[in-house]
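Some structures are shown below for you to check.
In what follows, subunit A forms one complex with subunit B and a second complex with subunit C.
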Partner chain A sequence: MKGRYADENIKWIPALIGLVILLPFMLKGITFSYKYYLYILNTIGIYLILTVGLDILSGYTGLISLGHAGFMAIGAYTSAILVDQVGLPFGFSLVLSPIIAGCFGFIIGFPALRVSGMYLGLTTMGFGFIIRRLIIALREWTQGSGGLAVSSPKLFGYTFNGDWANYFLVWTLAILSIVASRRMMKSKVGRAFMAIRDSEQAAEASGINLAQYKMMSFFISGVFAGLAGVLMAHTNHFISTDHFDNMLSIYFIIMVLVGGIGSIYGAVLGTIFIVLLENLIVPVIEEWLHVLFQIEAGDIESLIFGLIMFLFIIFQPTGLYGMWLKIRIYWKLFPFNPKQRFT
Partner chain B sequence: MKKFISFNLTASIFFVLGCSGPSGSPGISDNEILIGNVQDLSGPMKELGKLLPSGSNLYLDYVNNNGGVHGRNVRMLVEDAQYNPQKTVAVVKKLIEKEQIFCLYNVIGTSPVEAIRPLLEESGVPLIAPATQSGTMSDMSRPAARYIFHTDTGYDIQAGILTEYVIKLDPNAVIGVIYQDDDYGDNVLKGIEAIEYELNISVQKEAFQRGATEFSGQVMNLMKGGCTHVIIAGIVKEPIIIMKTAEAMGFSPQFLGISPTMDHRVALAAGSAGEGFIAANFAYLWDSDNEIPNLYRELCEKANVPVAMRGMYHYYGFTTAIILVEGLNRAGKNPTRKKLIRGMETFNNWNMAGTQPITYSRNDHAGAESVILVQVKDGVQQTISTWLE
Partner chain C sequence: MSQLNVNNVTMRFSGVVALNDVSISVNEGEIFSLIGPNGSGKSTLFNCINGFNRPQEGKINYNGYNLNKTPSHDVIKTGISRTFQNIQNVPYMTVLDNVLLGAHNRIDAKFTLNRWFIRSYREKEEALALEVMDFLGIANYESKYMSGQPYGIQKLVEIARALMPKPELILMDEPAAGMNDQETYEIAKIIGEIRDRLGITVMVVEHDMNLVMSISDRVGVLDSGKIITVGLPAEVKAHPKVLKAYLGEGFDA
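Moving on to the complex of A and B:
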């Protein structure tokens, strides 16, 4: 009998795991500044856990969120408080904090039953503002806007100190998140999410409980964002309200859009692309502009992000992943590919 | 599978080739000292972010043209972190690991500096003159405190000095504070709460969000509270709008400001509403007749610095660069990061930077604990006090 996941191409998984394990060693071999690149890779890992969750909500279920930095903040602050103030082990907090963030997602799911589109976007954005104000108000635990120092992650007696150790923790959880979300989206739950996205009326007529699945989607997305927050807090050792401003939520949306909304791999590609663009490519562009035209670095980053988003929406709405699929099919059919399919 | 094995073999070769770090003190070559500066060039503080490094470079160019520090030129790399702690961590990692800087200097913002404490602790890179006046910078119980050399009087101490100054002038004064609800305001509140307890007074507190442009609610509350003196903990545009709003509402208390409000543009833009405004200041006025302000103006003329750029923020970059260069000088002919720290710790009431006298020791990196007060009279800032502690 054919298994549920028999159709899925999983050959890449061992290669990916091999690459993830060897990448830091390769970087150490190539460059003295490998710690800087490891930090960027860790940032990619943390962000992609969140964007994968955001894609489940926005790409698969069709519910927009402009407040995911808020869920991330809940995960980060909850874990910092549970571990450093309550004294719970990190392993316990790693499970509990994302669930608490997910519960907030569940609560935010209520308005999603009544509003949609731009109005839902504004509601979730408001949620982001509320969380920031809440963090400032609860200064007894959060230290207000002064920020909170956070301890290193500790699992099974091992303390993850520095970018090298953090890398393996972050990417283990990132790969697990990718695999889990892929599996989830291929299950009954994922199909229900997609049915809701395509037509709420048709989904309801097919017996899908809209309220239940919409709130479940917010919960799952909140769990992923909360997990990203936990990792961010414990690997950076410091969090403040400035870490979670609403621009970060927009930034996550850009990652998902550029990668290809409605595809887990798209969210992964988009996150890698945007973080590398911001940290490695934009500084080079700024330097060129300075050398060639004496233009000072300034808002060039926002300009580039805005331009990229604009170009992708107009010319490549399926994102990087869609582009990759087209290229793959093109070469598969070459030289018998009908021209109009790829124009 | 073959491809997979060959790929992993190649990767393993890179691993075997992995080598140790570079020898010698990072950022120091025969003819250059490389330092890293993190500013906000495109975020909420960009109006300051461009002025500070420009002022610093004015002095560093002067030093380099006069033989440098022990024969080495000082070169400053400026990175933009948009006042974002997460980005600050990324660019500081880049400066330390990739650019191999000798030390950090003038990193802007309280939460960005707090965010890089673990990095300073891990790398042992000193941070000279963080561009924030938060009292937390000189709290020696915090992580990496031994690597941070604060040059300014903390916001908490300034708030205490201003409140005490008001009470001395008028024991029956009703004081209010209007503060930015972030790490800056937090530190001001800490000072206010301490002085409330010490003097047994009560101060009315009104908050606003960073970037706010509308203050009528807060001004109305201060008016209702019968405040005779209002301390503003904002930057440049906030005191202007607050004083103009108060004037429009017919409310005319004596306004005072924490040092970020001391920029001369406040007096210029606030017009009649800003007349009489008193601000705490970390240094002698840039246009006063003192040795360092005179040198500053002379170099501004020589370098054709646009008039619009000249002022206290530009001057702040200039004076903190003087402190940095003195520290580098004291680190000796063969500087290391440890020697820089030891050199900085020999500052004892040193007042050659045109600022308040600076003192450091092994257990005290606060640098300064005093301010001078300036008041707007006929649209021009004038010094009205000596150094107050």
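Moving on to the complex of A and C:
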């Protein structure tokens, strides 16, 4: 079908924008504790910027990262220092800090040229540890493990204060990230990444410089993670190394896996799913365990996440997005040939 | 004028001598077939030309380019493109995107930036691929995912990808392997058209003797890493060593 290609499924975006604008007002109408839900939505927005970038690296290019919280930390601390200590305007830091995080990605890309699979996972995990040690060591700027207070975002003379303002800042950038990354993955850059993942021979024979594109993927992924870090620092007003521990990196990978690896919408769905689970479902389960069995389930969260990842890998490897595609095709063809499936 | 020159190339893999002092040349505009029993080094020769393997001895030149030194990803810039014996495609990408993969060097950064914002650039990109896909008769597979496509289509998509960079020489490693008679006939026709209509020199590795004999201008025979003979199809067919080595003893020619 000619012409379909040019649309790139972007028809979704207006609906998404509409929903994002309406959602906080709807929540306000429904519940008194809407501020709490706004906070959760902000977390989703920030995390999905990161997971979209992580999906570009791990899903599209096939280079696993278990240290993405490290890139996030670099973005967060760089911005906090640039704005509050160096005195740069927030708008400037919003662009510069992600690029610096991207440069760290570029550096991590070097070992990625030699190792892959599990070894790359361990290398990137080590990177996450090193960044945390580095933050503690540079206490002159970072206040070490005590944490750092961060100012509110200021853009064009406007100060973003409170969950409402933050919500619109975060989600504007989140939607831009989704649109930009989808466009990028549909272009020659995305094709090169996927070719590197599935057939390095085909990639090289087509003229793709493997080293160059692997580094580029790390850079781009670092930029997204850095942007998430900047937003996290300035909307949370406080950052410490505990905000960026290695468990968070693992959660990010779980989000991408559950959503459907190698699709931008998948990363978005997975992030929404996991953050909602963590904030809305897990507390309920903990409560039940306490009331019914008198169990103080301290770390039930990681158990549940681990189980979910396990189940998805075994039964639904294409993730939530793959599930949705199946359902869509089913109804498109219904009642004809309902056996037909997305492959 | 001779285009591709392989001179005294020897390629060893820790003990195995895959190519032993191989010399051949492929002329501009010809269809050159390389035949030989399994494991005789045909694919290895392609890999040497392509920079995937680096021969310990010998020289490979193409139009003044020293291919011994050219990185694999730059070989396409010298005008040499290739397909693979075991299909190398990207399963979770559409057929169209798989074909466009081959246009990597034809699409520059400025174009890529423009295509983010301007729809007509995305259509231009699509048209680029459709031109080649029409030529191969796979245009209606455009928006289908690569995975799940029949084997024959996957082979054609690979040829399409290899044609996208507008090469001067295409190396095809067993394009008809695993195909039925009808599909093999189609492939033979396509190889002819690639040379006649697109003016591309073709070097092809193939086991199907009917195909080889009907399309080739010249045929080279490899056996255990050595070139036995190079010549016209009829000559090669009648060559006693070839009958013995490739077609087996007692072959009824």
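Just so it is clear, the second predicted complex is superposed on the first by the 331 of 343 C-alpha atoms of A that agree within 3 Å, B and C clash if a C-alpha of one lies under 4 Å from a C-alpha of the other, contacts with A are read in each partner's own complex, and residues count from 1 in each chain.
Methods note: a residue touches a chain if its C-beta (ideal position, glycine included) is under 8 Å from a C-beta of that chain, and two chains touch if they have at least 3 such contacts.
Computed from a predicted structure; not experimentally measured.
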Most subunit A residues touched (candidates subunit B, subunit C): B
Partner chain(s) touched by A:Thr43 [first = subunit B, second = subunit C, both, neither]: first
Which of subunit B and subunit C A:His243 touches, first, second, both or neither: first
First, second, both or neither for A:Gln85, with subunit B first and subunit C second: neither
Subunit B versus subunit C as contact partner of A:Ile208, first or second or both or neither: second
Which of subunit B and subunit C A:Gly18 touches, first, second, both or neither: first
Which of subunit B and subunit C A:Thr159 touches, first, second, both or neither: neither
First (subunit B), second (subunit C), both or neither touched by A:Lys188: second
Contacting residues of subunit A [partner subunit C, same complex]: 1-6, 8, 180, 183-184, 186-189, 191-192, 194-195, 197-199, 201-210, 262, 343
Residues of subunit B defined as touching subunit A within the complex: 4, 7-8, 11-19, 21-22, 41-42, 46, 50, 80, 83-86, 89-90, 93-94, 96-98, 100, 110-112, 114-115, 117-118, 122, 136, 143, 181-183, 185-187
Contacting residues of subunit A [partner subunit B, same complex]: 14-15, 18-19, 22-23, 25-26, 28-30, 32-36, 39-40, 43, 136, 139, 144-147, 149, 162, 236-238, 240-243, 245, 279, 296-302
Contact set on subunit C toward subunit A in their complex: 50-52, 71-77, 81-82, 84, 88-93, 96-97, 100-105, 107, 112, 115-116, 119, 122-123, 125-126, 130, 142-143, 145, 147-148, 158, 161-162, 164-165
